[in-house]
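Just so it is clear, A, B, C, D, E and F label the chains in written order, and each chain counts residues from 1 on its own.
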Amino acid sequence: MYYHDKRLQYPVRVENPDSLFARQLQQAIGGIEGEIRVCLQYFFQAWGARGPDNKYRDVLMNTATEEISHIEMLATAVALNLEDAPATLQESTAQANPVIGAVMGGERPRHVVEGMLQRHILSTGMAAFPANCDGVPFDCSHVYASGNLVGDMFANVAAEATGRTLAVRLYNATRDPGMQDMLSFLIARDTMHQQQWLAVIEDLGGLKESLPVPNSFDQSKEAQRFSYMFMGTERNGTPVTPGRYSQGPSIDGKGEYRFEAFEPLGDEPVLGPARPDSGAQKEQMAEAPVTNALA
Amino acid sequence: MYYHDKRLQYPVRVENPDSLFARQLQQAIGGIEGEIRVCLQYFFQAWGARGPDNKYRDVLMNTATEEISHIEMLATAVALNLEDAPATLQESTAQANPVIGAVMGGERPRHVVEGMLQRHILSTGMAAFPANCDGVPFDCSHVYASGNLVGDMFANVAAEATGRTLAVRLYNATRDPGMQDMLSFLIARDTMHQQQWLAVIEDLGGLKESLPVPNSFDQSKEAQRFSYMFMGTERNGTPVTPGRYSQGPSIDGKGEYRFEAFEPLGDEPVLGPARPDSGAQKEQMAEAPVTNALA
Amino acid sequence: MYYHDKRLQYPVRVENPDSLFARQLQQAIGGIEGEIRVCLQYFFQAWGARGPDNKYRDVLMNTATEEISHIEMLATAVALNLEDAPATLQESTAQANPVIGAVMGGERPRHVVEGMLQRHILSTGMAAFPANCDGVPFDCSHVYASGNLVGDMFANVAAEATGRTLAVRLYNATRDPGMQDMLSFLIARDTMHQQQWLAVIEDLGGLKESLPVPNSFDQSKEAQRFSYMFMGTERNGTPVTPGRYSQGPSIDGKGEYRFEAFEPLGDEPVLGPARPDSGAQKEQMAEAPVTNALA
Amino acid sequence: MYYHDKRLQYPVRVENPDSLFARQLQQAIGGIEGEIRVCLQYFFQAWGARGPDNKYRDVLMNTATEEISHIEMLATAVALNLEDAPATLQESTAQANPVIGAVMGGERPRHVVEGMLQRHILSTGMAAFPANCDGVPFDCSHVYASGNLVGDMFANVAAEATGRTLAVRLYNATRDPGMQDMLSFLIARDTMHQQQWLAVIEDLGGLKESLPVPNSFDQSKEAQRFSYMFMGTERNGTPVTPGRYSQGPSIDGKGEYRFEAFEPLGDEPVLGPARPDSGAQKEQMAEAPVTNALA
Amino acid sequence: MYYHDKRLQYPVRVENPDSLFARQLQQAIGGIEGEIRVCLQYFFQAWGARGPDNKYRDVLMNTATEEISHIEMLATAVALNLEDAPATLQESTAQANPVIGAVMGGERPRHVVEGMLQRHILSTGMAAFPANCDGVPFDCSHVYASGNLVGDMFANVAAEATGRTLAVRLYNATRDPGMQDMLSFLIARDTMHQQQWLAVIEDLGGLKESLPVPNSFDQSKEAQRFSYMFMGTERNGTPVTPGRYSQGPSIDGKGEYRFEAFEPLGDEPVLGPARPDSGAQKEQMAEAPVTNALA
Amino acid sequence: MYYHDKRLQYPVRVENPDSLFARQLQQAIGGIEGEIRVCLQYFFQAWGARGPDNKYRDVLMNTATEEISHIEMLATAVALNLEDAPATLQESTAQANPVIGAVMGGERPRHVVEGMLQRHILSTGMAAFPANCDGVPFDCSHVYASGNLVGDMFANVAAEATGRTLAVRLYNATRDPGMQDMLSFLIARDTMHQQQWLAVIEDLGGLKESLPVPNSFDQSKEAQRFSYMFMGTERNGTPVTPGRYSQGPSIDGKGEYRFEAFEPLGDEPVLGPARPDSGAQKEQMAEAPVTNALA
C-alpha cells in the first residue's frame, strides 16, 4: 500500500520561468528515458518478482516509490516554468512587461509561442502532462519487466544511464539556479541507481555467474559453435577492427572471442503457393503459372 | 550500402506446422525483445556514431546487418508454420486430412482458429508481419540510440538478455526439431551479442572508467550527498534488506553504499492561480475564492 | 513525496488460478477504464492544480495515491492467477495433475494456451504488465488533465463509471471467492469515487454554477442562438424523439431546450489552387485547367 | 445511411491566414478533446445502443452526424489559414509581400516556418490532417462506448467540457474576426452538448436513480463499509481538508460521506518461485537459494 | 454538412450469431484495410482538395459519405453476431440452450470465450469498437492525404484492393447467408471503388501524363541516369530474373528499363566527434582518444 | 542473408548545416512516406511471397535491400545537418561565431533551438532517430503486405508516389547544393520504383487481367448490380460532376460506369436489449422500460 507526504522530496524552485525549458523537462517526465517509465518499470518488476524470498522485491519497491516523487518534482517544475507563459491574446495586451510584450501579432515575440508545446497552452492549462518534449504521449510498452532478474537489471541500468544522460543535457541547457539545483539532485540519484542495479547483479554472484542471461538454460542445447564468434557481414570479408569483442576471453569466462566472415548456411527459402480462396491473385496459386508479358 | 544473398543465414525448416507457434514467433520479430528492434537499434547507433575514429561504428554495423538475416529467418519460419493453417471454409470441406478437419463449424477444431492471430488469416495471406505475438505492431520508439556509447551498450545488453530469454521460452514451447535447431542458433548468437556489448565497455576501459554514465559530466556539480545512498521509502522507516546495493564500495569505486530512510527536503508546492481567460473555472482564478458549500 | 507499506491495501487471494481470468484482469490494470489511467490522471490533475488554495490538490492527491495500491492488488492477482499456467512443454510432461495435463500436443487442453495473452508466457514470466486484456499497452494520452477543474471532475466521474462497469463485469466473470472478494472492495471504492468527484462539483457551487464548462467565458461572446438547440440532422427533417434534451429548461438554468431541423448556413468552401513547386500535380495548379478525358 | 450537402454547416472565413493558428486548430480536429473523437464516440454509442427502444440511439445519431460537419468546418479553416504559408524556397523569392519575405535564409522570418507543423509543409500540401496540434495522430482508443448508457453520458459531458475549454482557448488565441465567429458557433454547440448529455441522465431518472454506475449491480455484493468513505493516504494520518466529498449525504442519497485514515488490510504478497525452464535466472527458482555476496 | 437516414444502406442480418466472426469483422471496421480508414481518408482528401475547380472534391465527398454507411453496417453486424455471446457466469447457468451451455467452468465450451476479443465482453457491452480483429485501435496516421491528387488516387486504389481482399477473406470465413449477402454488397462496392479511383487518373490524362508523381517537378533536376534503372543488390552481382520491370519501355513512356548491379558511389561517412558537455562519454570527444584495452 | 559495404550508395554532403532541415529530413526516414516504411514493406512482401516461382520475391528483395542504403544516407544527412546545432549553454558562451551566438537567452537566436526537434538535443546526441519531422515514432502497422501481389503493388506505387512528393518538397525546401544533389538521386530512384511496381502489374498481365483485386474471387458471388455504379450521397440527389468515373467502360473492361442517387435498401437496425448482469444500466434491460421524465 502507498502513502504520500504533501512536501516535495527535494526543493523545486524556478527563478526565471522559461516555456521552452518547460517543454524540454517533459522528456524527463514522459520520454522513454524519463521517470514515468522507471517508476512503472520498477513497480511491475517488484509486483511480479518470483524467487525463494522477497529480497529483490523490496529493493525494487523502495526505488519505484522514490520515482513517483521525482515525477512530482518535474511536474511541479514544468508548471512553474509555465507561470508567465503567453497563453491568450487578451492578457497579453494588459501585460506590463514591455520586454516580453504581446503574444501573437503583438509585442511579445511570436516565436516564444511557436516554440512551446501547443498543448501546454491548449490542453493542460499551463501544466505538465505525461508526454515527451515533442509531445508524444508515454506508451507503457516501454515498461520492461521480463521475469528474468538479471535481464531486468540490465534494462534498469540502461534506463538510468540514458536517464542521467538526459538529466545532464537538461542541466547544461538551463542557467536557472533553481533548476540546476533540482537537476543536481536528480543526477545524483541516477548515479546511485546505476550503481545499485549493477550491485544487484553482484549480489546474485556477479557477471560470470549471471551470464549468459538466462543462466538457467542448458548451454549444451545452444549451437555453441556460434556462441563466441563475432560475425562479419562486410561484403568483401574484411574483418572488423580488432578489439575486446573479437579476441580474448569472453566476459562470462566460458569462451574465447573470435572473428569469422560469415557465409550463408541455409538455402533459398521456398514457400508453398497461395491456396485457392485465400484472397491472393490467381497467378499466385499453384495451377496458374505466371505469364511473363515479355515472353 | 547493403547487399543480399538469396540463401538464409542458417537453415529454417518446420516439420509440423503449428499456427499457434507462428503466433508466438511473432514476438521474436515484432516484440520489444525482437529482432526488428535490435536491427534498427544497432543501425541507428552506427549511423549516428560520433567519436575520434569509426571503430565502434564498424562493430555496430556488422551486427546490425546480421540482425536483418535473423528477421528473415523468423519471417520464413512464421510462413512455414502457417502452411497448413485453416484459412477458409471452402478449402476445409475439401480437405483430406481427417485429423485436422474443417475450420469453423466443421470438423477441424474451431479453437485452432480462435487461437491464431486473426491477421494471419485476414491481412497477410499466411505470412509474418511486423507485430508481436498479441498483434501489436512494432513501434520504433523502442530503438534506443542516445548518443552516449556506454548507455547504448547497456541498452544493447538489455535487449539481448531479454531477447535470449524470449528465445529460450520459444525453444521450450516447441517440440519441432527444425524449430529447435533454428532457435539453438539464435540463442547462441544472443549469447555472443551479450558478450560483445559488454566487451565494448571493457574496450572503453571497463565499468570503473565508464561509470557513472555519462562519465563526461563533472561529478562535483551533482548533489554528491545523495550519489551512493540507498533511499528508503518504507513508511515506518524500516531499512531495506541489506545487500551489495546498500553497503560496501560502489561499483564505480567512487563511493560507499549506505542506507537512509528519507524525509522530504522540499516544501508543499504552490502554483499560481489560473489566469483570466485561460479556460479554467472562475473559482480557480485569483479573484474568486472557492465557496465551500458546507460553510 | 511518497512512501510504501509492504502489505496490500486489501487481501488478494486466488483459490483456483485461471490464466484466462489473468488476461481479463489486465483490462483493470492497463485498459482505458483501468487503474493506471486514474492513478496518473489524478496525479497530474493534482500536480498541476491552480487555484487560490490547495484544497482540491489534496483531495486529488489522496485518491491518486490510493490508486497505486489498487494497481498493486490487481498485478498481484494476475500473478497468482498465472501460478499454474502452462508455460513450457518441458514441465508439462512432468506435471502430476492429470486434469490439466500437458500443454501443447500433450494432455493439457491446447486451447488453454491459445486463450492466454501470449506475452504472459513469453515476455513477463507469468506476471502482470501494463497492457489491456487484448495486449495493447496503456498509452498515457488517456490521462485527462485539462486545467479546468469541473471538466476534469466530469472526466473523473466518467473514468470511475466505466471503471465500476468493468469491475462488475469481472465480478460476474469469475466464481473464485477470493477474486470476488477483492472485486467487491474495488467496486465499493469506485462507488465512492463517483460520489466524491460529483461532490467536488457540489463543493464548487453545483451544476448550475459550474456550467457551461468553462464558466469563466463570457457567454455573450458565443452564438447564443445555437446554445440550447437540439440540432436535427435527419435527412427528411424528422424531429428527434422528444425528451429532456429537446424541451424544458436547460440543466444550467440559463436556457430552454428546443429542436431544430438544421439547414446549412455556410457556402461550399473554395480553397486556392495548389501553388507551383508545392509537390501537387500540375493539373491542380492555377494555370493548368484539368482536362476532362471525356470532353 | 448518410448524406451530404456541399455547403458548410456554418460560415468559415479567414481574413488573415496564420500558419501557427492552423497548427493550433489541429487540436480541435485530432486532439483528444477534438471533433473526430466525439463524432466517432457518438456513432459507436449509437450503433451499439441496446435497450427496449431506439430513443437514445436517435439522440446520439443526430449529434454524431452534426459532428462530421464540425470536422469539415475545422479542416476548411486549417486549409484557409495555410493559404499563404511558406512552402518552398522557390516561391518565396518571387513573392511580392515584403513584410513576410522569404522562407528559409531569406527575407521571410525563418521562425514562421519553425513554428509550423512540418507535415503541413511536407505531407499534406497545406491542408488539415487527423492529428493534434503537436502532430500526434488521433488514436481511436479514445472513442469511449462502454455499453452503459449513463457511463457513456458522463464520458460525453467530459468530452464536451474539455472540448469547450479548448474552443475558448482557441477563441482567445486569435484576433481574426472570421475565426472568432466560427468559434463562437462551436462554443455554443459545446454548451448545448454539455446540457443535452446531462439531460439524457435526467431523462433516465436523474442522478439518484442512475448512480452508482452501473445501477444494475446489486450493491449488497459490494464491500459497503468502503462505499462512502474518503480514504486518507497521508503518511501521518492528517485528514483531508473537509468538504462535500468528506461529510454529508452522498450524491446518490444512499450513504453518508466520512473520512478514514487508512491502514493496510492485506498481507505482504508472496508469489511462487519461478519454475524450471521458465526463462528466469536459476537463482529465482525454488531449489537455488540466492547467495548474498556479502554474507 | 451531413445528414442521416435511420435506415441502413443495405440489409444486415445474422442467422447464426458467432462471436469469433464478430472479432473478424472488426478488421473491416478498424483495421488498416477497413472502412474508418477509407472514410476519413476520402474526407480529408476532399476537405483539402486544391485545384482550379471543385470537381474531384465532389467525387471524393460522395464516396467518403458512402463509407460512413459501411462502418454503420459492419458495426451493426458485429453487435448482432454478439447477441448470444457468453458474457457472464450468472446468465450462463440460467440459459436454456443445452448445446452452448455455461461459459467458464460450466457447460458452454470455454474456448468460445477464449477466442473472443475480451473487450467485446469487458469494455463494449457486446458491441463494435474502432479496433481491428486483434484488438489494436485504429490510428489515424493511416489516413493518407498528400495534397497530390494522383498520389492519393494510388493510395485509394491500394486501400480498396486490400479492402476487397479482406472482404473476400471474410466472405470465405462464414457460412451465414445474411453475412455473405452483406459482404457480397461490400465486395461489389470495393470493385467499383478500385475502378473509380483509377478512372480519376484516366480523367486527369492517364498514366503517361500523370507519372512520375508529382508530375510538376522538372525531371531535368533529378539524377536521370538512375531514373529507369533496376538496381541489383545481390552480393555477387547476379541480375534479377528479367521481366517487364527490367527491360522494355517504362510505363510513363519516358525511359527504358535496364538492370545494373550497383556499386557504392559514396564514401564511408565521417561524423564530427561528440562535443564537450553533450552528454556523450568523454572517450567520444575529440581530445580523448579511445584506449583499446587490448593494446 | 545480408551484407554491408562501408561506403554510402551515393555521396552525402552538407555545406551549410541546418537544424531545421535535419528535422524535415526525419520525415523521409520515419514518416509514413519515408524509407523505413518501404524498406520493411518490401522485405515483408518478399519474405512472405507465395507463388509458383520465386520471381517476384527476387524483385522485391533487391529493392528492399536498396532501401536500407537510403535510410543510411538520410540518417547521415541528419547527423551532418546537426553538426553545428546549438546543444548546450556551456558551449554557446565559448563559441566564436558572433552571427549565431548563444543558445538560450544568449546571443544565438533562441528561435533556432525552438524550431528543432527537442530530441535531437536531448535524446540522440545530434543524430537521426526513427521518427517523423514532428517527432512521432514510426509505427510498423504502416508496413502493407497483404499476401495479394497486385494489391501490394498498388500499395508500393502509392508509397513511392507520396515518397517522391515528399522528396520534391524537401528538394524545394533547401538551397544546400549537397542536399539537393542527394535528393536528386533519391527522386530519380522514386521515379524508377513507381515505374517498376506498375511494371510488375504489366508482367502479371496488366490492369484488365489483374482487376478487380483479388482476381481470384468469383465475381458472380458479388452483388453485381452495384459493381460499376457511382453512388451519389448528395442529400437532394444532385449527380456528381460527370467524368471518367461515372460514365464509359470501366478500367477492368468488365462493366460500364453509371451514376445513381442512392436510397437506403435496409431497415432501421434493432439490437436486443442489454442482458441482466451485463454491466449496463437497468433501464437498458428488457424488463425495465425507460421512464421519460417529461411524461
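Definition applied: a residue touches a chain if its C-beta (ideal position, glycine included) is under 8 Å from a C-beta of that chain, and two chains touch if they have at least 3 such contacts.
These numbers come from a predicted model, not from an experiment.
Peer 1: What chains, if any, are shared contacts of subunit C and subunit E?
Peer 2: Touching subunit C and subunit E alike, sorted by label: A, B, D, F.
Peer 1: D-F versus B-D: which has more C-beta pairs touching?
Peer 2: Here the pair linked by more C-beta pairs in contact is D-F.
Peer 1: Measuring between Cα centroids, what's the chain most distant from subunit D?
Peer 2: So the farthest one, by centre of C-alpha atoms, is B.
Peer 1: If every chain is reduced to the average of its C-alpha atoms, which one ends up farthest from subunit F?
Peer 2: C
Peer 1: Taking the mean of the C-alpha atoms as each chain's centre, how many Å separate subunit C from subunit F?
Peer 2: 29
Peer 1: Just how far, in Å, is the C-alpha centre of subunit C from the one of subunit B?
Peer 2: A distance of 26 Å separates the two centres.
Peer 1: Once you find the CA centre of subunit C and the CA centre of subunit D, what distance in Å lies between them?
Peer 2: 10
Peer 1: What are the residue numbers in subunit F that touch two or more other chains?
Peer 2: 1-9, 32-33, 47-48, 50, 55, 58, 61-62, 65-66, 76, 79, 87-88, 90, 111, 114-115, 123, 125-127, 131, 134-137, 139, 141, 146-148, 150, 162, 165-166, 168-169, 172, 202-203, 213-214, 217, 233-235, 243-244, 262, 264, 266, 268-269, 271-272, 274, 276-280, 292-294
Peer 1: Does the chain-touch network form a line, ring, star, complete graph or other?
Peer 2: Graph shape here is complete: every pair of chains touches.
Peer 1: Show me the residue ranges of subunit B that touch subunit F in the complex, using the header's touch definition.
Peer 2: That would be residues 1-9, 30, 36, 40, 43-44, 47-48, 50, 58, 61-62, 65-66, 68-69, 71-72, 75-76, 79, 123-131, 137-141, 143, 145-148 of subunit B.
Peer 1: Which residues of subunit A touch subunit D in their complex?
Peer 2: Residues 1-6, 47-55, 87-90, 103-105, 110-111, 113-115, 117-119, 121-123, 131, 134-137, 146-150, 202-206, 210, 213-217 of subunit A touch subunit D in their complex.
Peer 1: Where on subunit D does subunit A make contact in their complex?
Peer 2: Residue list for subunit D touching subunit A: 18, 20-21, 23-24, 27, 31-33, 111-112, 114-115, 132-136, 162, 166, 169-170, 172-175, 233-236, 262, 264, 266, 268-274, 276-286, 288-294.
Peer 1: Along subunit A, where are the residues that touch subunit B in the complex?
Peer 2: Touch residues, subunit A against subunit B: 3, 5-12, 32-33, 55, 58-59, 61-63, 65-66, 73, 76, 79-80, 83, 87-88, 90-91, 125-127, 136, 139, 141-142, 144, 146-148, 150-151, 154-155, 157-158, 160-162, 164-165, 168, 171, 181, 184-185, 187-192, 194-200, 202-203, 207, 211-214, 217, 219, 221-235, 240-241, 243-245, 250-252, 255, 257, 262, 264-269, 271-272, 274-280.
Peer 1: Tell me, which parts of subunit A touch subunit E in their complex?
Peer 2: Within the complex, subunit A touches subunit E at residues 165-166, 168-169, 172, 235, 242-244, 247-248, 277-279, 292-294.
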